[in-house]
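Sending over a structure as C-alpha cells; questions will come in a sec.
A, B, C, D, E and F are the chain letters, set down in written order, and residue numbers restart from 1 in every chain.
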Amino acid sequence: MTYHKAKKVVIIAEKMLSEKICRIIDASGARGYTVVPAGGRGAHHKHYTSERASVVDDFATVRIEVVVNNKTTAEEIGNQVVEQCFDKYSGIVYLEDVEVLRPGKFGGK
Amino acid sequence: MDFLADFFIRFLVQFQSPTLGFLIGGMLIAALGSKLKIPNPIYQFVVFMLLMKIGLNGGIEIREANLFAMALPAFFSILIGLAIVRVGIAIFGLLPGVNSADGFATAGLFGAVSASTLAVAIVMLEEEAIAFEAWAPALYPFMDIPALILAIVMANIHMKKEENGGGEVDVNVWGIVKESLRGSALSALLLGLALGLFTNSGSVLESFYEPLFRGFLSILMLIMGMEAYDRIKELRSVAHWYAIYAGFAPLLHGLIAFGLGYIAHLLVGFSPGGVIILSVIASSNSDISGPPTLRAGIPSANPSSYIGASTSVGTPVAIAVAIPLFIALAQIVFDI
Amino acid sequence: MDFLADFFIRFLVQFQSPTLGFLIGGMLIAALGSKLKIPNPIYQFVVFMLLMKIGLNGGIEIREANLFAMALPAFFSILIGLAIVRVGIAIFGLLPGVNSADGFATAGLFGAVSASTLAVAIVMLEEEAIAFEAWAPALYPFMDIPALILAIVMANIHMKKEENGGGEVDVNVWGIVKESLRGSALSALLLGLALGLFTNSGSVLESFYEPLFRGFLSILMLIMGMEAYDRIKELRSVAHWYAIYAGFAPLLHGLIAFGLGYIAHLLVGFSPGGVIILSVIASSNSDISGPPTLRAGIPSANPSSYIGASTSVGTPVAIAVAIPLFIALAQIVFDI
Amino acid sequence: MDFLADFFIRFLVQFQSPTLGFLIGGMLIAALGSKLKIPNPIYQFVVFMLLMKIGLNGGIEIREANLFAMALPAFFSILIGLAIVRVGIAIFGLLPGVNSADGFATAGLFGAVSASTLAVAIVMLEEEAIAFEAWAPALYPFMDIPALILAIVMANIHMKKEENGGGEVDVNVWGIVKESLRGSALSALLLGLALGLFTNSGSVLESFYEPLFRGFLSILMLIMGMEAYDRIKELRSVAHWYAIYAGFAPLLHGLIAFGLGYIAHLLVGFSPGGVIILSVIASSNSDISGPPTLRAGIPSANPSSYIGASTSVGTPVAIAVAIPLFIALAQIVFDI
Amino acid sequence: MTYHKAKKVVIIAEKMLSEKICRIIDASGARGYTVVPAGGRGAHHKHYTSERASVVDDFATVRIEVVVNNKTTAEEIGNQVVEQCFDKYSGIVYLEDVEVLRPGKFGGK
Amino acid sequence: MTYHKAKKVVIIAEKMLSEKICRIIDASGARGYTVVPAGGRGAHHKHYTSERASVVDDFATVRIEVVVNNKTTAEEIGNQVVEQCFDKYSGIVYLEDVEVLRPGKFGGK
C-alpha cells in the first residue's frame, strides 16, 4: 500500500458553532470529519472541559478535524470558517500535512 | 420599627435553610481550593429532574385551574421582562467604561429567568407552607422570552446604527423565540407541563420526581455555589459596574414585580404565594438557557462580563437575599 | 363486535400511561428541535438500574418457584427466537432492493429482545395488577441468544456461498453466546438474578432499586423517544421495506408467542401474565446488546438499516402498540 | 472452642449481606469479561452522596455530642496511622526485591483510610443494630492525614539520603495536609459535617441522602469489585510481597486499633460500635484521595504496586474479612 | 535537548475495534498510544460523541494516536489496521511527521 | 487569506500535571491551549479514558495542544515540560509543523 499526501484542517471553536462548521465542511466536498469535546484557554476566556459541571455547557469547545486530499479544499475550509465564524466568536484554525492510504476516501471538490 | 425587626428575624431564620447552606458551602469549598466536583452529566440530569418535576406538578394541577386568572399575571410578566431590559440598558448607557454590547447582554440576562432560583423559591414556599397557583411557575417563559428578544433586538439596532448610521435591521425574532423554547431548561419545563396535563403522571411524579426534588436541589445549589466562586476571577477582569448592577438589580426587579403582583392580587385575586413567585422570577437572572441565546444573538458581547455578573453576584443575591426578602415582605404585607 | 369495542377502550386507556407519554414526548421534543439531552452516563446508569431491579426481583422470587414449570416456556422461547429469524430472512429474501446482509441483520435484531420494552411490560402489568411468574423476565436470554446466533450463522453461510460457491463456514457460535451474555444488558440482568438468589438483597431492592424503577423507566422512555425521531433520517436513507417490516413484525411475532404461550398455559399452567411477557419479549427487538453483536457478526450489514428500523419503528410499535394489545388480548382470552 | 464456632457462624452469616454480594459480584462479572460498566460520572456522584450522607449525619448528631469524649479516640487514631506506616515501612525494608519508594507509598496507603470501607462498616453496624458515636466516622482524617504525611516525609528523607548522602530535606507538610483536606472524599465529608452542624439539614438528609445510601453503596461495591479484578493484572507485574502484605495488613492494623479502642472503652467509655469503626478505619486503605496524594508526594513510586495491592487485595480483605471479623469480635468481647 | 524526527499514526475507528487496533499497535513494537473518545461523520453514517445518550454506545468512534521513531513502523501499523479492520468497518488512518525529544521512548521494531 | 508557518506542541501527561503544564505554557508567551481528556498506554501502565469508572481519576491522562508562531517558543515549551514534569511522571511531548491564518493570535516571546 502506498501513502499519498493530503491535508488536515483542525478547527477549535465554541461548541455552539459546531453545526455551522460542519455545514461548511460538508459543503466543501470533504467526505467526513471527527469531533472531540475539548476545553482550553484562549485570548478571551477559559473554557472548561466537558467533564466538570459547567453551568453554561454551550461555551465548552470542540476540536474538529477534517482530512481532505488537496490543499485547496483545506485552505478553503479554513478561510470559510474564519470568515463566517471567527470574526465574532473565539476559535483557531490550522492546517497540517498528512499522508493517507486510499486517497479516494478523502474527496475535495 | 416592628416591621423591620420582624423582617430581620424572618430573614435570618432562612439562612439556616439547607438550600442556602449548600449554596454557601459550595462557595466556601471552592474558595478553599477543594477538588470536589460534581460531574457535568450529573448537573445536566439534576436540572432536568427539577424542571420536569416543576412541570409535571404544574401540568397536573393546572387541569383544575381557572386559566383566565393567569391572563393578568402573564401579561404583567411580559411587562416586567421588557421593563427590566429597558431600565438595565438605560443604566448601563449612563455608566462610564461599559462596552455597550456587554450592557445590552447583561440587561437581557437579568430580564430573563433562572430555573434554579425558581426551584429554590418553590421549596422555600413549601417549607413555609405558603400556597401558590399551580400555574405560577409557568409564568417563567412569559418573562424570559420577551426580555431576551428585546435585549437582542435593541443591541442589533444599536450596532447597525454605529456601523452604518442606521438603516434596516433585521433580527429574526421568531428565531429567538424558537431557540428559547428549545433550550434544555424550557424544553424540560414545557414537556413536564404537557405530560402532567395529558397523561396520568401522578404516580411517577409522587414516586420519583417529587421525593428527589429537594435532594437534587441541594446538589444544584452546591454546583451554583462553586461556579459563583470560580467566576469571580472572570468578573474581576471586567468593569466593576457589572458586579454593582448584579448586586442591587435582583432586589429592584423583584420589587417592581411585587408591586405589579400586588395589583394582580387586588384585581384578580392573585395569591400571596403567586406574588412571591412572580417577584422571584423577576429578581432571578438566567443561568442555563439565557447565556447561549445571548451569545448567539449579541456575539460582540463578552460572555465574561454578563456570565460573571450573573453567576457570581446576581444568582447568589437572588437566592440568598431576594427569596427570603420577598417571602418576609409578603408575610407582612398579606399578613400570612 | 363487543370484543373489538372492549379492546379499543382498553387500548386507548393505556395511552394515558405516563410511560407511553414519555416515549411520545421524547419523539415530540426531538421533532421540535429541542436541545434537551439526557447525558450518556445517565442513560447507561438508567439501563443498569432497570435490569438490576428486574434481576434482583426475579432472583429473590425464584427461590420459591418451581423451576420445572419454566422448562416449556423456555423451550418455546428458543423456538420463537429461531422462528422469527427464519421467517424474517425469508421475507427479506423476497423483497426487491434489500441488501441480503442487511436483511439477515434486521431479522436477527427482531428475533433478539429489548430490555427496555420488557421493563415497560413489567410496569404495565403491575399497573393492571396482572400477576406473572417471577422467572418470566428470565426467558429473555432464551429467545435473544438463539436468534442472534441463527442470524449470524445464516448470514455467514450465505456470504461464503456468494464468495466462493460454498464450502466450509466456521462461525464461532460459543463466541456469540459469550458476547451476548457479556453485553451490558444481559450482564446486569444475570448479576441481579444471582444476587437475588444468593444474598439477602431484599432490603436494598425495596429501599433503592424498586422505588426508582418507574421513574428511571420514564427517563429511558424519553431517551428512546428522542432516539426514535433522530434515527428516522437514517431510516429514510435506506429501502422502505425495513420500515414496513418493523411496523408489522412486532405484532406478528407477539401473536406467534401468544399462541405458544397459550399452549403452555393449557399444558403446564403458564400464567396469563407470563403469556403477556412472552409475547412482549417476542414482539420486542434488541436495542442495547443486539446491535454490537450483529455489527461484529455481520460486518457487511449497514447499521443504518437495522438500527433505524428497530429504534425508529420497531421499538415504538412494540411499546405503544404491542404491549397494550397483548394485555387487552390476554384480558379477553383469559377473562382477567 | 465455643468462641471460634460462634465467631465463624457470625462471620459466615455476613457473607449473605448484599453489600458483600455486590463486591463479589463485581469481581465475578469482571472475571467473566462482562462489558457492563458504571460510568465515571456516576461513580464520582455515588462517592459524593455516600460521604455527604455520612457527614450530614455526623454533623447533625454531633450537636448533642460531648466532644471531649472524642479527644482520646482522635489521639489514638493519629497514633494508629503513624504506627501503621512505621511498621509497614519496616516490613517492606526487610523484604527482598521491593523498591524502597514503592514500599513507602504502600505503607502510606494502608495507613490512610478508605471512605468506601467506612461506608460499608456503617451499613453493617446499622444492620446489626450496633450503636456508635455520631462523631466516630469523623475520626477518618485523624488517621488518614498523619499517615500520608509520615509516609511522604520518610520517603523524601530516604531519597535525599540515597542521592547526596543526607542533608536538608524539605517536605511541604502543610501542603500535604491541605491537599488531603481538599481531596474530593474528605471535602465532601467535611462539607457534610459543617452543613449538618450549622443548617437545618435534617429533612434533606432524611428525604434524600439517607434513603439512597444503601443503594448507592451497592453500586460502589460493584465498581470496587470490578476494579479489584481489573487491577490484578497490574499487581502481577510487580513483586508478590505487595499482595501478601495487602492480605494480612488489614487484619493486623484492625487488631491494633481494636486494642487501643478497647482501652478507650475502659478509660472514656468509647462505645463498642465506635471501637469497630476505629478498627475498620485502621484496617482500610485509601482508595480515593490517598493515591493522588502519594503520587504527588512520592513520584518515584510505581502506582501499579501500591494501587494494585490496595484495590485488588487490601480493600476486598478489609470489606469482606475485616469488617465481619471486628463485628464478630466486638460482639463477643463486649457481649453485645 | 535536541528534537528528533519521528512519525505519528492517527487512527479514527469505531469503538468496538479499539481492542483489535491496540493489539496491532502493541505488536508493532510501539511503546504506547493515546486514545480519545470522538464523534464524527464519515462515508457511512454519523457517529455521536460520547456525551449524548446514544442507545448504541459501541458505535461511537475513538481517535487513537501512536508516535513511533521510524517511518517503517508507522506505515506498517497503518497497513495492518487498514487490512485487518477497515475492509469491513468504518475508519481512517493517516501519518504525520513529528519531532520528539528522547526518541528512545518511541521504539519501533 | 494567506497561511503562515507555525509550530504545534502536543503534550500527553497525567491529569494531575495539567495545571503545572498550563503554567509553563502561559509563561512561554503562548496565547492559548486546548485540552482533551484521554486514555492510553505507555511505558509504565495503562490509563483508562475518563468514560469508565476508575477509582483513581487523577491518573487519567490529558492531551494538551498549543500552537505558537515560532519554533523557539515551541521547543522551549517542550524542553520545560520534559525537564520539570517528565523526569518523575509519565508523558510524552512532540512538535509538528502547522500553517495558520492570522499569526498574530499565536504569540510567542
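The rule we apply is simple: a residue touches a chain if its C-beta (ideal position, glycine included) is under 8 Å from a C-beta of that chain, and two chains touch if they have at least 3 such contacts.
Only a predicted model underlies this, so the values are computations on that prediction, with no experimental measurement involved.
J.: Shared touching chains for subunit D and subunit E?
T.: Shared contacts of subunit D and subunit E: C, F.
J.: Hey, how far apart are subunit C and subunit F in touch steps, shortest way?
T.: The distance in steps between these two chains is 2.
J.: Would you kindly state whether over half or under half of the residue numbers at the subunit E/subunit F interface are used by both copies, giving same or different?
T.: Subunit E vs subunit F: different; shared/all numbers falls short of half.
J.: Consider the two chain pairs B-D and A-B; indicate the one with the greater count of contacting C-beta pairs.
T.: B-D
J.: What's the farthest chain from subunit F if centres are computed as the mean of the Cα atoms?
T.: So the farthest one, by centre of C-alpha atoms, is C.
J.: Calculate how many whole Å lie between the centre of subunit C and the centre of subunit E, each centre taken as the average of the chain's C-alpha atoms.
T.: Taking the mean C-alpha position of each chain, the two centres sit 35 Å apart.
J.: Counting in whole Å, what is the centre-to-centre distance of subunit A and subunit F, each centre being its mean C-alpha position?
T.: Those two chain centres are 19 Å apart.
J.: Using CA atom averages as chain centres, what separation in Å is found between subunit B and subunit E?
T.: Here subunit B and subunit E have centroids separated by 46 Å.
J.: If you average the CA atoms of subunit A and of subunit C, how far apart do the two points sit, in angstrom?
T.: Centres of subunit A and subunit C (C-alpha means) sit 40 Å apart.
J.: Going by the touch rule set out above, which residues of subunit C reach two or more other chains?
T.: 37-42, 44, 212
J.: Two or more other chains in contact with one residue: find those residues in subunit F.
T.: If we look for residues of subunit F contacting two or more partner chains, we find 36-37, 50-51, 96-97.
J.: What's the complete list of touching chain pairs for this entry?
T.: Inter-chain contacts occur between A-B, A-E, A-F, B-C, B-D, C-D, C-E, D-F, E-F.
J.: So in the complex, the part of subunit A that touches subunit B is made up of which residues?
T.: Those residues of subunit A that touch subunit B are 14, 16, 44-46, 50-59, 88-89.
J.: In their complex, what parts of subunit A are in touch with subunit F?
T.: Spelled out, the residues of subunit A in touch with subunit F are 10, 12, 36-43, 49, 51, 61, 63, 75, 78-79, 82, 92-97.
J.: Flag every residue of subunit E that touches subunit F in the complex, lowest number first.
T.: Going through subunit E, the ones touching subunit F are 1, 3, 6, 8, 22, 26, 31-37, 50, 67, 96-102, 105-106.
J.: Where on subunit D is subunit B touching in the complex?
T.: 39-42, 44-45, 48, 178, 181-184, 187-188, 191, 194-195, 198-201, 203-204, 207-209, 211-212
J.: Considering the complex alone, what residue numbers of subunit B touch subunit D?
T.: That would be residues 16-18, 20-22, 25, 28-29, 32-42, 211-212, 214-216, 218 of subunit B.
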